[in-house]
Amino acid sequence: MTEVALPRPATGVTRPAAGVMSDPGSSGRFGEYGGRYVPESLIPACAELEEAFRDAWADPRFRRDLDRLLAVHAGRPTALTPAWRLSEELGINLLLKREDLAHTGSHKINNVLGQALLAKRMGKTRLLAETGAGQHGVATATAAALLGLDATVFMGEVDIERQALNVFRMKMLGAEVIPVTSGTRTLKDSTSEALRHWVTCVDEAHYCLGSVMGPHPYPWMVRELQRVVGDEARRQCAAELSTGTPDYVVACIGGGSNAAGTFAGFADTGAQLVGVEAEGGAAVAFGQVGVLHGFRSYLLQDENGQVTEAHSIAAGLDYPGIGPEHAHLRDTGRARYVTVGDAEVIPALQRLARTEGILCALESAHAIAWVIRAAESGELPPWSTVLVTLSGRGDKDMATLMEAS
Amino acid sequence: MIETHLRRRRSEGRSLLVPYVTGGIRADWIDYLTAYARAGADAIEIGLPFSDPILDGPVIQEASGRALRRGVTVRGLLDEVAAVRIDVPLIAMTYYNLVVHRGAADFCRDLAAAGIHGLIVPDLPIDESASLAEAAAAAGVDLTLLAAPTTSAERLAEIAAASRGFVYAVSTMGTTGAQFAASGGRLAADLRQLTDRPVLLAFGVATPDDALTAVQSADGVVIGAALMRRVLEGGTPDELGATVAGLRKALDLDAGRLPDGARP
Amino acid sequence: MTEVALPRPATGVTRPAAGVMSDPGSSGRFGEYGGRYVPESLIPACAELEEAFRDAWADPRFRRDLDRLLAVHAGRPTALTPAWRLSEELGINLLLKREDLAHTGSHKINNVLGQALLAKRMGKTRLLAETGAGQHGVATATAAALLGLDATVFMGEVDIERQALNVFRMKMLGAEVIPVTSGTRTLKDSTSEALRHWVTCVDEAHYCLGSVMGPHPYPWMVRELQRVVGDEARRQCAAELSTGTPDYVVACIGGGSNAAGTFAGFADTGAQLVGVEAEGGAAVAFGQVGVLHGFRSYLLQDENGQVTEAHSIAAGLDYPGIGPEHAHLRDTGRARYVTVGDAEVIPALQRLARTEGILCALESAHAIAWVIRAAESGELPPWSTVLVTLSGRGDKDMATLMEAS
Amino acid sequence: MIETHLRRRRSEGRSLLVPYVTGGIRADWIDYLTAYARAGADAIEIGLPFSDPILDGPVIQEASGRALRRGVTVRGLLDEVAAVRIDVPLIAMTYYNLVVHRGAADFCRDLAAAGIHGLIVPDLPIDESASLAEAAAAAGVDLTLLAAPTTSAERLAEIAAASRGFVYAVSTMGTTGAQFAASGGRLAADLRQLTDRPVLLAFGVATPDDALTAVQSADGVVIGAALMRRVLEGGTPDELGATVAGLRKALDLDAGRLPDGARP
């Protein structure tokens, strides 16, 4: 018996993270971030999931099935829209990757269809999910219905109140929505509650996590499932731009999945990658290294190490952490992380609406707001090409905007 | 330290009893420690409250929340503990972020300085435990690992080997305060095949009957949510002391009744 | 001077309607239906519009510009989704044409982008539109924003109240929403009001009508602009089905634009075309020939010839008339028109949601309801292939569904 | 019939005055006809109310709505008209759906049988008017066509040629009750170049001044919304008769003052 336990791979061989945004191996590490900080009870489930995902991801049949689902059901590829009028106003060349056009209204469906198909392959009969704004919950309920699985969605009581329409959508899709009454009764707590519940039903249930967070293999798996956004955009940019790739690739960051998926398509290019956090949930800007919900990353916490609540007008950015790979991309300098406050968001959303006829989600408007600011301040060289991922549509946010205006 | 103590107690034919209290749940929370010790606890687990206790059920979530709303900090709690003398070993139970926040080495030194020589971190599985285990060992703190009903035989062996103080056997696939489950018995029995370290069953042990069932296969029990429910309801240190005494008595009677180990 | 005025073409030559769903010529007649029954004040505007549309539609550059807008902005082609689970349950082969995935959430955007581009080409600076549910209003506001035009949307006071979110969307997109207080204060009256307003500003404003109704050239022009739905579906069906074309092609009918666009792609096939009207707005089933809003067709009216109000749970089907070409298709037997009541609609919507993970619009659910009924009654032969156009997504209807449940 | 009458009146140097009333607006609506006739109307336009009057502004929309809410029908209104004798020609004004609903031939016969020998259908442009024109001619009803400020010269000629009774010149790009616009003058003048049929200006003629301006270029005026606004406000047949008499007087004075046609 050794005196000190050594870190050990959960399963299989460790493939070290060689290139940028590559396979983090079985340790699930991105530099010092990531890992699998979960109760022992969940270790076998995470290990089983990692193995199943590795197997599926290497299986051309699985990839083909998923690609077909994404195409015929979710409406992929989504469009790449040149934002003509706003480009003109800003003196840049702005391209929008239109995840707002994906089925259910955001990029969340990409991840969820992949996980649901995987769950089915693993013989699971139920999906669990946490949700904040309700987008991931709706996407999960959708995929469950489509594949004949049950769905249980955990949602904070506060969020249930402010996102009543999405709650109803989930119910119409046949999902059970469980109100979370603990803690701040928002996304952070619904994630905790989903993990707690998963412990009780690991055999039949797959925990369908909604962003590039959680214990390994989630951050990597979700990034891989979202890379379709970046891969498509890469191809579309090549067709659209004389330079082939944009100068800037910009996406908003809640947990970081739409950004990770987008960045993955451009990691090996010269594009400057920019993640835009909400000021009230800016783990990179204002957080410190910590561990929550199974992974190590930047985390908003008070001086005693208690996790603090994030506050953003965009419910989907109301998360105190950031996906571990983003922490690593930031430390290595491959990506930059910037911050936008609530006050900049509504004008940005409105400006995009009035120039391009697109009502994007409040989350996505953070990315637009930064581009507007950077273009107007001269930070973006004139006629730079800027790709922004519009992660979702704004319908869900109309009530919030009505109150704010 | 913890382990030596528990092994000694076990060798006296005693079923081990480790009651839990959430640090700072009330202003007089230290009195629960004294009461538990007086009631015959073999060690006491002190929860250092964390904002996001993902392995805790509603009762300990609520207790942690209440303590945090009272404004407690790890530093303050340790100071309070350092100021009293408790006759049984103390074990801290907390989540990994509080360790990372302070830094593992400092965190363990702080514990030891306050007279706490055991540590349980439920969201730190063995695979991620290397650095903390090292720091704990350096500070003279036993880092106890958890085993679960779903843990494979191979992992059980590693956990049993690497755990210090005792092995914390989670009786059920659930959170603290869940229903006590028979699966725990099998897990404890398996662990006892693998190690002669004390094996304590936890999660859902609420009544003397539960405890008696548990010690049919384990060396003892940790009792948390069942006690904290009463604390939340206003149970005083004396009242909780009496509860622990009742558990103690049941375990001792049982041990006395069947000294030959011929438990059914 | 002749004693009796003869019908005369407004402009150019009359090309008679030869094939099914072909060019109705300058008379704008589909058999005895259609025409241009508007005040003399509007005749020049209609004639100018017809001429401009003929010219644009024959201009490969216009077509290319529109196709590009549809692709990069509206997200075309929309997916064709095999409804696997519902097909299984019904014993048919059900395919869904997913207009719910189009930008702004319904097929309305196809028509509106075409008209907006045409308006721009004509030198107009403003779009007028009527709207009921708000979908056409939102689409118009969107196209106006995108092309830098002003938008004025007429909406009945009653509809403004029940569709508050769409009203807000239009405002966010920069459109002016004018409450219509006359008559029943719903779609019928907002159409009348839009026509009245158009008279006052024909020079600078284009009236962007939302369905295959109104005076010539609207019914034909809107059908042509919507035929992209049918043409795409035709190609997609050819790839999906061994038989090449479906046995049934089904769409809901308000004014009839999504149906007309869909049917246009299959007019020359053996597919049975089925239009599904809402019971409370079933002009074909319960109407008589009449003239309203510039065209002759079936029209709901009382025994004195007064137009009656339509009543459907689906605001977009709340119109007392039906596009004139549909009246003609019905008379000639090329298409069938069937009726579905409110009571069948919600269960159909729910069933589609729970089997396919698609929350469609209440309008579209009428088409699904008929398919379910026809499959279950044995009217559809086992394993018939059935194409249904899902004209829009259900987000706008969640409030209605919440009240109903 | 209508035309002969209007030509005759015009040849007497008279500016033609055609007031309007919405049929069935009140129970005693027939009395407005009598009052108008007595006050010197040259013909009277009777609106047969339709649910969707797309060329009418708010006033006549409201009048139509009120009449319909009173439950009036074309059949009932015609019966009422048939029962009285009015000394000036009557002209029906309605929307095309009511014609289609009854059938053009029957509709025109019904009008004639009720003593109405003119018909105006604002949503029936010349291009669509063939069958109704035929039916009207057969029944001895003059189908009057409308011309608008945007109508091309070529169309104006056709309209002037095909219109019966008179030519209805819409003064402005707007609905009934719009502001009276100078554009009407140009239109009327153009029409008078093309035809010797009476040309009446309508839409927005409200005051004696408007009427005087109108008859500088037209043979007369139709006054609708301005009268109906007062009816909606409760104006009695006598009061409305007085208003029409005032208009009559202004026109006649004017005609008397400048008998040589040398209007500025």
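Observations on the model:
Residue numbering begins at 1 within each chain, and the chains themselves are lettered A, B, C and D in the order written.
Here, a contact is a pair of C-beta atoms (placed from the backbone, for glycine too) under 8 Å apart; a residue touches a chain by one contact, two chains touch by 3 or more.
For clarity, every value in this text was computed on a predicted model and none was experimentally measured.
Of all the chains, the one whose CA centre sits at the greatest distance from that of chain D is B.
Distance between chain centres (mean CA atoms), chain A to chain C: 37 Å. For the pair chain B and chain C, the distance between mean C-alpha positions equals 68 Å. The set of chain A residues touching two or more other chains is empty.
Taken pairwise by the contact criterion, the protein chains link up end to end in a single open path, with no chain closing the loop.
Contacts between chains, counted with the stated touch criterion, involve the pairs A-B, A-C, C-D. Residues of chain B touching chain A in their complex: 50-58, 61-62, 65, 68, 73-75, 95-98, 100-102, 122-130, 133-134, 137, 145-152, 155, 158-159, 161-162, 170, 173-175, 178. Within the complex formed with chain C, the residues of chain A that make contact are 71-75, 78-82, 85, 98, 100-103, 105, 141-146, 148, 164-165, 168-169, 172-174, 349-350, 353-359, 394-395, 398-399, 401-402. The residues of chain A lying in touch with chain B in their complex are 1-10, 35-41, 43-45, 182-183, 188-189, 192, 195-196, 199-202, 288-294, 296, 299, 301, 304-308.
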